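Each of the next two complexes has chain A plus one other chain: chain B in the first, chain C in the second.
After this line comes the complex of A and B, so read on.
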């Protein structure tokens, strides 16, 4: 049996050796925005929770910026040739923060019992799982019913956080009082949460990786106003502004400060891709020529450079370039107003009003909608902006009451996890703004999406997804805008903060401060 | 009357300023080759740094001068129309209450008080938020929050006028009550209404600006409040984006106040601070 063996622990150790200048000690102040609703990651998985609890909880694997799996709680792992058996070998001597030993039983309980009940996104992947077993204390085996290519991406901390069996077994998870003082295996322990002010984590002295973490403590600071967050960074009160903490317009000013570094990395796993839903059901947007005209009419490079300060990439199609199986062999929609006008003339567009629904997430998105409206009106499309708030946006998109609507969604590393859900007919259902809201129906492609998800061989999958991308980009079910990058801004003496595909979420494990 | 008004220097300055603003608003499409939404140059160009863009460009590279001119249209339009609507509600209500008294007065005044007990701006925000921000809904919201003082004023005026001898004379002459109200009483209350209306336009412009500043403006209409609200996040790096629309609001509101003052002096000479002319 030809096994894919990853003894990356040794490799990682040799890698780290030349960089042995890491200094222990110090603290990090990181902005968290908005204040998380809770820190028990098995129950809550929104952005701020993942940012903070990513230091407390761990999963079996981590992912580097190329989305290659790296060891975490699992030291090594094998996938059988038929793609049905995933075997993980866990680290020895791992302890929970309360001192109890961590074993394979905790993994089985977390994946098979706890998260199956609480984690909708993971549940979709677990549907492919036949059984999860623990042959011994340091081995876990996931047996699948049928091959599911993206399964190897499911072992990320926010997707499959491992929770302590000895605390949760047999209790009502949502009301367990230990939720307020989360117990994990991660490099930092929960210490104190002063609501509205800060969350304090301290170094886990018993962490299973020798010498790690380097930092003594991490403070997550709650500062409700964007301008106040920028000021807190300027005055040195905080050291790290994770992506999205300040308005885009403040980014150039802050990064120009002395001793300040920034990076767009650390979003590869999420790969937030933005697009405008175009209502495929009715109105001018139901005509493919109109949808193509919209693509040609938009100056997307301008938006990237001006609205997003050059961060991010113009999208070429439904799959983000950092997601696995991305293909750029598709029709390119460069800025070409003349082509857009031709297409509109050909379809006989008569000036019907088209409403643009911006995403109500602040100035950046409002300006973006204004730029798009201007682009569209320059090719003769009668476009106007609907004003809206978060509730209104949810209502209008989930009830399909829009013509063009801005949105962005995470891709979770694999087209089968975060892309196909927006384009297959089985995902058309009124009431949710996270599925196939545009109403795109293409039975032929639906089959291809399903087939690609179930292929064992990565090369086969790549070929299948390349074909899908080529076809769907010509249909333009939605107007793809941009691969978003939310720059992380930090002081340059903070080292190795963003080294994985989820960035600051699990960054403090390896981060250190240079004196 | 015009003589008294024109001899008031402040009022004349107000008129000149207001005419200038109206002129710019009317001729905006002739003065500027591009619309306020058009992205014409690099973003964040400082004022006077490039020919043809005297006031620089905004966050998307749009012409600030053109935005100011088109913003004047929205401000003036909303100010005038909402004041007219407020008068259409307030004058009849106040007149009926003051003229007929008794239960009509009671009812109308309790109704008015109902509106007066809610802070103006809060009510306007709620109304706009409910009806979705469009020019029409903003105008109506402003009218709804600004009519109560009109009703109060007209009621008081009508009550004092209806007791005068000429009203008794008209009644003795056999005129019907509605006719007395329309032809004898109301015309004598016009001057305070005019004065108040000119000041209401100024207030309405401020209200509209505040609403758009908060993001409750019509997203398809360029207005001064929108400009300031959008520039708020970059105020430290691009001062001109909020400075010029701010100045425009100050000038327009000041002009209207000067005019209002002047009208007050001209129409109520016995109240004039300078005594009878």
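After this line comes the complex of A and C, so read on.
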């Protein structure tokens, strides 16, 4: 009987799969937190903006969870053997949401004119570009000055959103009135934004992929309180909680509900890695033995299991294990308070106070700082917590006014895009919280970072980055903490929501709701 | 002094006060660490010097402090609240968008708290020392002492999550497409929990104050005279005691009314109510100077306006005040 039932189930399961064809229709309610400052993705590139505007704007490529490029506005592409010429063939018959035709000129305008002026992160990659040209309406050629390994990763929607030339050419981008009603090529059109409540997107009926999108509409809901967001999901008001929108301790309760699924996927491109900047310039943190002592003093597994409810992975070094070119052949800093005490005694640490600056992003981060403070106290480090709000945190870190400062950064799929910027001397510059804030200087490694970025062959790059990781982990310029995992929580009848390396950000294109 | 002269002199003082408040706000805000350019750059996840400089220039932060202050005062004098670069819209428009929701919430809470507070206060004072008085007083003490934030969360938990009677947050059902009466009813349903949460605290305050004041006045000689005349208990309480006991309540109501436009940050946050309080709080976190200054200025103007209104109400309630002054 049992066997029979199992067999029946197996057969049913086998046959059910092809039956589950995508169904059109329905709506999704997705939490967006905090409310985005604007939706014009060429101007604003923060997380909430991309979550919403990632359905409105597109780039040339998308990336699967192994970070392999997939077609988006570009149907196909070639890279020349010398790694200098990138040729993209665009989809035919793509239209902007206002009905104007989309052409290669829009791509040239976006990358070469608009984003050069507005997009700091892309500007760094564009420094390698000699020219961007459109030989015909559906072909775009990027000609590089010198090879740049990660260049193929620059065609993600948040990195290079394609904006309409016919609307922005010759205008003041920041004050263009059309920013309030964004026009893109994406699967959903902007309909309405009721500030403080919701943003409403509707299906783009003229979308160039046959049959897509499946959903009729998407509502992005603004709910400022974390507990209220959890309640909104519990009561069925919203269908999707993107990663990080509820506190960690609410996650087990919500995922235990019937018909609720969750996934840690969809963050491979960003691969957020957290660490504490340690001020390499002055104070006890300028001594490498002190920095190593901090690494040994911290019980990072405890934090992962308790503060993060088991989500994430203890970091071994500067590169996240989910991205390309990660190497685990490095010194491992296990929890070892005795070794920490030895190192402190050896350097003659005299009990100077060190200030810990937590990241003001909610309860989890506050507790994390408290856990670290306690760990440091246990080995005799005189640590105190110096709390502030987001603007204060930006100010203190970018003005180097801290001893230990929590942070996390996206890796953007490649060490040359998201990792090296935190360790090379050319990135030491007051005023930005996203560069070499700790003030680490190692000219020998600087050369290796630069060489690795310019290699064409992936195997050569892997070897070069493995060498860099091995060396830098001994220097401990920063205290690496954890590869963060932000589970996406959703109703199980929402299908194909997370299919790419940026997850919900471009998920609604393929998502559908099973009746 | 006639009411007109009073209003004119108060209006002039109000103008000077408002200007002083504007200057003070501006200085305080600029003394806080962090500026909007760095916050915006920080959110972008990457920044270079060019970006920060561009933003500073656009926000006018590259100019000396006194030039910025002068420009601000100038625009305040011309009733121009400025432009929010962060949100890409004029501040006056941002405030106007949020004002209806805030007024609906705070006015409802105001009316509930005032009406119920006075009613319960009168009722309790009439039954002083009895069980029903103790019950009302204890309840009032409980509402008074409960942190708003906690009360709000508990209300959501009980009435929204467990019982499912009322929506737990939001201004209306999103995407339902209600119009007319159906929409009004829908908004009213969403209004119940936040308005009650916000109103309970003030209701407790009004009730305690009305009760104490009623008891005090009821000891006075003219009440004895009224009793001697043979007036009934309720008539004495309404016409003689309450009329005399209400002044402190009016004072307090004036204070609460002044805060109507400032919104209720906590209540609006917990119930995801799209009001001014949240606009202010979020703008503060982003150091969106123009928006915060705009909200502050409008709120300050309201406080001053309601102070004047309170003064006028005093005169209507108690004609002796005008005579003395």
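Simple rule for what comes next: the second predicted complex is superposed on the first by the 495 of 515 C-alpha atoms of A that agree within 3 Å, B and C clash if a C-alpha of one lies under 4 Å from a C-alpha of the other, contacts with A are read in each partner's own complex, and residues count from 1 in each chain.
We adopt the following convention: a residue touches a chain if its C-beta (ideal position, glycine included) is under 8 Å from a C-beta of that chain, and two chains touch if they have at least 3 such contacts.
Everything numeric here is computed off the predicted structure, so don't read it as measured data.
> Mind checking the superposed model to see whether chain B and chain C fit together on chain A or clash?
These partners fit in the superposed model.
> Considering only touches as defined above, state whether A:87 meets chain B (first), chain C (second), both or neither.
It touches nothing on chain B or chain C.
> Can A:433 be said to touch chain B (first), chain C (second), both, or neither?
A:433: touches chain C, not chain B.
> Just checking: does A:250 make contact with chain B only, chain C only, both, or neither of them? Give me first, second, both or neither.
first
> Using the superposition on chain A described above, determine whether A:219 touches chain B (first), chain C (second), both, or neither.
second
> Check the residue A:227 against both partner chains and state whether it touches chain B (first), chain C (second), both, or neither.
A:227: touches chain B and chain C.
> Is A:263 in contact with chain B, with chain C, with both, or with neither (first, second, both, neither)?
After superposition on chain A, A:263 lies in contact with neither partner.
> Should A:367 be classified as contacting the first partner (chain B), the second (chain C), both, or neither?
first
> Of the two partners chain B and chain C, which one touches more residues belonging to chain A?
Between chain B and chain C, C touches the greater number of residues in chain A.
> Contacts for A:65 in the overlay, against chain B (first) and chain C (second): which applies, first, second, both or neither?
Neither chain B nor chain C is touched by A:65.
> Between chain B and chain C, what is the shortest CA distance in the superposition, whole Å?
Superposed model gives a least chain B-chain C C-alpha distance of 8 Å.
> Across the two complexes, find the residues of chain A that touch chain B and also touch chain C.
Residues 227, 389, which sit in both footprints.
> For the complex, which residues does chain C have touching chain A?
The touching residues are 32-35, 38-52, 58, 85-89, 94, 97-98, 101, 153, 156-157, 160-161, 164, 167-171, 174-175, 269-275, 278-279, 282, 285-287.
> Where on chain A is chain C touching in the complex?
Touch list, chain A to chain C: 27, 29, 34-35, 37-38, 40, 44-47, 120-121, 123-124, 174-175, 179-180, 194-198, 200, 217, 219, 221-225, 227-228, 231-232, 234-235, 237, 388-396, 398, 409-410, 421, 429, 431-435.
> Under the definition above, what is the set of chain B residues touching chain A in their complex?
Its residues touching chain A are 37-39, 43, 59-61, 129, 132-133, 215-216, 218-220, 230, 233-234, 236-237.
> Could you pull out which chain A residues touch chain B in their complex?
Residues 226-227, 247, 249-250, 253, 302, 306-307, 358, 363, 366-367, 369-371, 373-374, 377-378, 384-387, 389.
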